[in-house]
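Look for chain A in each of the two complexes below; its partner is chain B in the first and chain C in the second.
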Partner chain A sequence: MRELYAKLNRLFPLGELTERRSNLAFITLTAEYLRPVLLHLRDREGFSHLVLLTAVDWLEEGQFQLSYLLSDRANGRDIGLRLMLPRDGASMESIHDLWPTAATYQRELREMFGIDFPGSPRINEEFILEGWTDIPPYRRDFDTLKFAQENFVARPGRETWDPARHMKDQLYPDGA
Partner chain B sequence: MKAELEKRIVKGPDGIEFEVDPLQDYYCQEAPTVMPAAYSKIVEGFFNWARAESLWILGFGTGCGAIEMRPLMTPRFDAYRYGVQWRPTPRQANLFIISGYLSVKTLKRAIRSYEQMQNPKYVIGLGSCTINGGMYWDSYNTLKRLDYYLPVDLYIAGCMPRPEALLQGFEDLKEIIRAGKGEGANQYAQYFDWYKMNQKQVIHDWDMPDYNW
Partner chain C sequence: MAYQPDRSQYPARRPDGLSRHPASRDTSTALCVGSLDIDLASGKYLKLWQGPNHPGITGNMSLELTVCGDEVVEGKTHVGYLHRGFEKLMERRTFIQCFPIVCRICVPEPDFNEYCYAAAVEELAGIQSPERADWIRTLILEMGRINSYLMYLGGQAGAFGLGVIGQWTTYVRDLMLDRFEELSGARIYHMFILPGGVRDGLPDGFEQRMEETLVEIERVMSDVLDVMFRNAVFKKRAVGLGYIDPALIEPYGVTGPPARAAGVAKDVRKDQPYLVYPQLDFEPVTGADSDVYTRADVRRRDLLMSIDLVRQILARMPKEGPLMAKIPNVLHWKIPRGETYIRGECSRGEYGYYLVTDGSGYPRRVNVRGPSYTHAMALMERLIVNCNIADVAGLLVSLHTYPPEIER
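Showing the complex of A and B:
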């Protein structure tokens, strides 16, 4: 993967390389170089399969991380491309014309994280949720417990035991 | 409201145009009514015995619990020997097993399926999720109490309950029906407004008829 990274780095300004295994590595890059790098990997290097496209919410940094994982079946190697997006008004270029399957991932990210992909097919249609009115549920500032308590009726009698406090009460009943 | 439910002009295959109001023409929007018991206690007892001996389950798996119903159809557990069988459509079924977690999106389909089943009908809540939410107690789209949205006759606890537990549950449900206590459909009819209110509280985009039979 080092040779591939060196080769790519001569063509595009890339960020750091993170090697996980001999056949799996991640490359950080900026959003504007994503499409040329993806095209190069697909057409020149044999990474013909988009395995997944997913997001991570870095709430404290105010950023979303997008991960594009590509697979080269012939040579048995995988490469991941990571990029950061500003969290406010997150929007990213769609890659549904490179891999049609990306449209489904992009619809999911649109609904669950609120990341927009302008031009992606059916991007604004409901994907899994129906009639969702709150902020996208996979964002980390969405409080699922609070939402569940406000929306769904709970059956009384369910107790929650904090393990640390429970064990302390059990072992040190005097409160030492 | 869905586009397919709105009033519109339709052109028939013979070229004649006519107006269709799906809510009036395709669905019966009349609220359900309470079905009185038979005229004599002996006859009602006989009816209940007959009902108990033919539990026909709607083949609708709402959650992971549906996986526990598959072995029941196979020779190892063989629920058919108890007069229990699975049917493909709500019209032929009288027992609805909510098998595991019920999301808001599935609740819509579950309500429509339940309402299309013929009286008398029974509901079994399978697994902890239908009782108090189970492991999805803090989930953003999983209901925590099934009995607020559909009348439940019996719960089978567990996560997941084994097929043996389901067989025992069927036997218990038969006891309930034979004792004349399987009145879920009548309860649904009697407290219809309350059930609809609860259902509409969680389903924010109500895009179906209020009652469809």
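Showing the complex of A and C:
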């Protein structure tokens, strides 16, 4: 993978390389080079399969990480492209013209993280949530416990165990 | 007049007076790009909802069909009827507490979730599972594959009106669930594969009882071959339906039997071998015609191959040896910052887990890559155009979709 990274780095300014396994590496890059790098990997290096596109919310750093994972089946290797976006007004170029299936991923990211992909087909159509007006729920600052307490009623007579304490009692009864 | 969904049941404003959170999507868009501008008032078109409660739908999803006569001109997949936010739930649970959650993402074949998640945690934590545990993991994954295919065959035949096949395959699937029960104590959600290894070894006499089960499955599969695959009705309905052009395989992320039925020998077990697959003898099953019939036949032959793999595993696996590697106290388990992706070949295609850790005791992000996500959304919406209403169910089942993988 170092060889591929060196080759790519001669063509595009790339960020950090993280080698996870001999056949899986992650490369950081900036938004403006995403499309040329994706095209190069798809058309010249055999990474023709878009495995997934997802986001990670680094709330403390004020950034979203977009992860594009590509696979080269012939050589049994995968490459992940990491791209950092500011959380406020996060928007990224759509790649549905390169992989039509990316439109589904982008529609989900729009709904769950609030990341916009202008021009992506049906980007504002509801994917899973209906009539959702709150903060996009997969953001780290969406409080699931508060949401549950506000929207659902506890059934009377039910005993609730604290999961951590219950596990401790079951797994390490002598104390750990 | 362009079609607009009825939104009267939803509040127009949030408690803070805003119509929506600034970051949430704007649904006021008049017409979304990619949708047909269909005039329902013309009387030429009709909106037809297939699902969420419908015999011709797989699980908790629905298809919004626009039909002209009995021909579909546009189809949209709708999911979310069973959305429990699995990925979000995992962000608030310790690594070991995620185990009762992951298996619920796919009911008929839950073991892939356990394996992929366990392997991702092991990789980021630097743990190597013992060899005997890897053999048992492979055995469980192949047993799950057989179960999933048996369920599929019943569904595929049922979609074309052959009800008896489902009764036969459910009977033998039940026998395999008995084997799961004696192995793990549970029939559906086994929670048997944990980070570091597996919970237990094989019970006494398991090999003998498994062989009896396999023989019974083979007997039923021989009947299924006669009654389903050589049936004139099934052939007339399934041959030529739902053709997937091999050129669509990569752009649409098609994996598993739908890709193999198109002649592309995509199989993670061969392409990027994991567990003990490098030590087993098998070749990916492929077809050529890429229609519903070929996909069903590829799965039938793949099932027979899995039976052979189970026999190979039971004959070759070590009988002695550790089952669990040493893992830290799971209540205080912190995993260094990192990210990885683990994949396996499930009965429907590539199944994978993308796990990101941040050095804390909780996953930062877990993303599940289920094959249904690509097959039942973008690919299905393309294949369904010009399909007859009566064939929609057969087409959908031929993609072997499990909706919880899509909405997660």
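By our rule, the second predicted complex is superposed on the first by the 156 of 176 C-alpha atoms of A that agree within 3 Å, B and C clash if a C-alpha of one lies under 4 Å from a C-alpha of the other, contacts with A are read in each partner's own complex, and residues count from 1 in each chain.
As a working rule, a contact is a pair of C-beta atoms (placed from the backbone, for glycine too) under 8 Å apart; a residue touches a chain by one contact, two chains touch by 3 or more.
The structure presented is a predicted model; accordingly, all values stated were derived computationally and were not measured.
Participant: Going by the contact rule set out at the top, does A:Leu39 touch chain B (first), chain C (second), both, or neither?
Facilitator: neither
Participant: May I ask you to decide whether A:Thr144 touches chain B, chain C, both, or neither, giving the answer as first, second, both or neither?
Facilitator: In the superposition, A:Thr144 contacts both chain B and chain C.
Participant: Answer with first, second, both or neither: which of chain B and chain C does A:Arg155 touch in the superposed model?
Facilitator: first
Participant: In the superposed arrangement, which partner chain does A:Thr133 touch: chain B (first), chain C (second), both, or neither?
Facilitator: Both: A:Thr133 reaches chain B and chain C.
Participant: May I ask you to decide whether A:Thr101 touches chain B, chain C, both, or neither, giving the answer as first, second, both or neither?
Facilitator: After superposing on A, A:Thr101 lies in contact with chain C but is clear of chain B.
Participant: Counting touched residues of chain A, say whether chain B or chain C comes out ahead.
Facilitator: Partner with more touched residues of chain A: C.
Participant: Going by the contact rule set out at the top, does A:Leu11 touch chain B (first), chain C (second), both, or neither?
Facilitator: Neither partner.
Participant: Tell me the contact category for A:Pro121 with respect to chain B and chain C: first, second, both or neither.
Facilitator: The second partner, chain C, only.
Participant: Both chain B and chain C touch chain A; at which residues?
Facilitator: 128-134, 137, 142, 144-145
Participant: State the interface residues of chain C toward chain A in the complex, per the touch definition above.
Facilitator: Answer in residue numbers: 7, 9-11, 13-14, 18-21, 23-27, 29, 32-35, 79-80, 83, 85, 87-89, 91-94, 96-97, 123, 250-253, 255, 266, 271-272, 329-332, 338-341, 343, 350, 352, 354, 356, 364-365, 367, 369, 373-374, 377-379, 382, 407.
Participant: Which residues of chain A touch chain C once you look at their complex with the stated criterion?
Facilitator: Contacts found on chain A: 18, 20-21, 23-24, 26, 48-52, 54-57, 65, 67, 69, 73, 76, 78, 80, 90, 99-101, 103-104, 110-111, 114, 119, 121-140, 142, 144-145, 163-164, 167-168, 171-172, 176.
Participant: Looking at the complex, which residues from chain A come into contact with chain B?
Facilitator: Chain A residues touching chain B: 128-134, 137, 142, 144-145, 147-148, 151-155, 157-158.
Participant: Once bound in the complex, which stretches of chain B touch chain A?
Facilitator: So the residues of chain B in touch with chain A come to 104-105, 108, 131-133, 137-145, 148, 198, 201-205.
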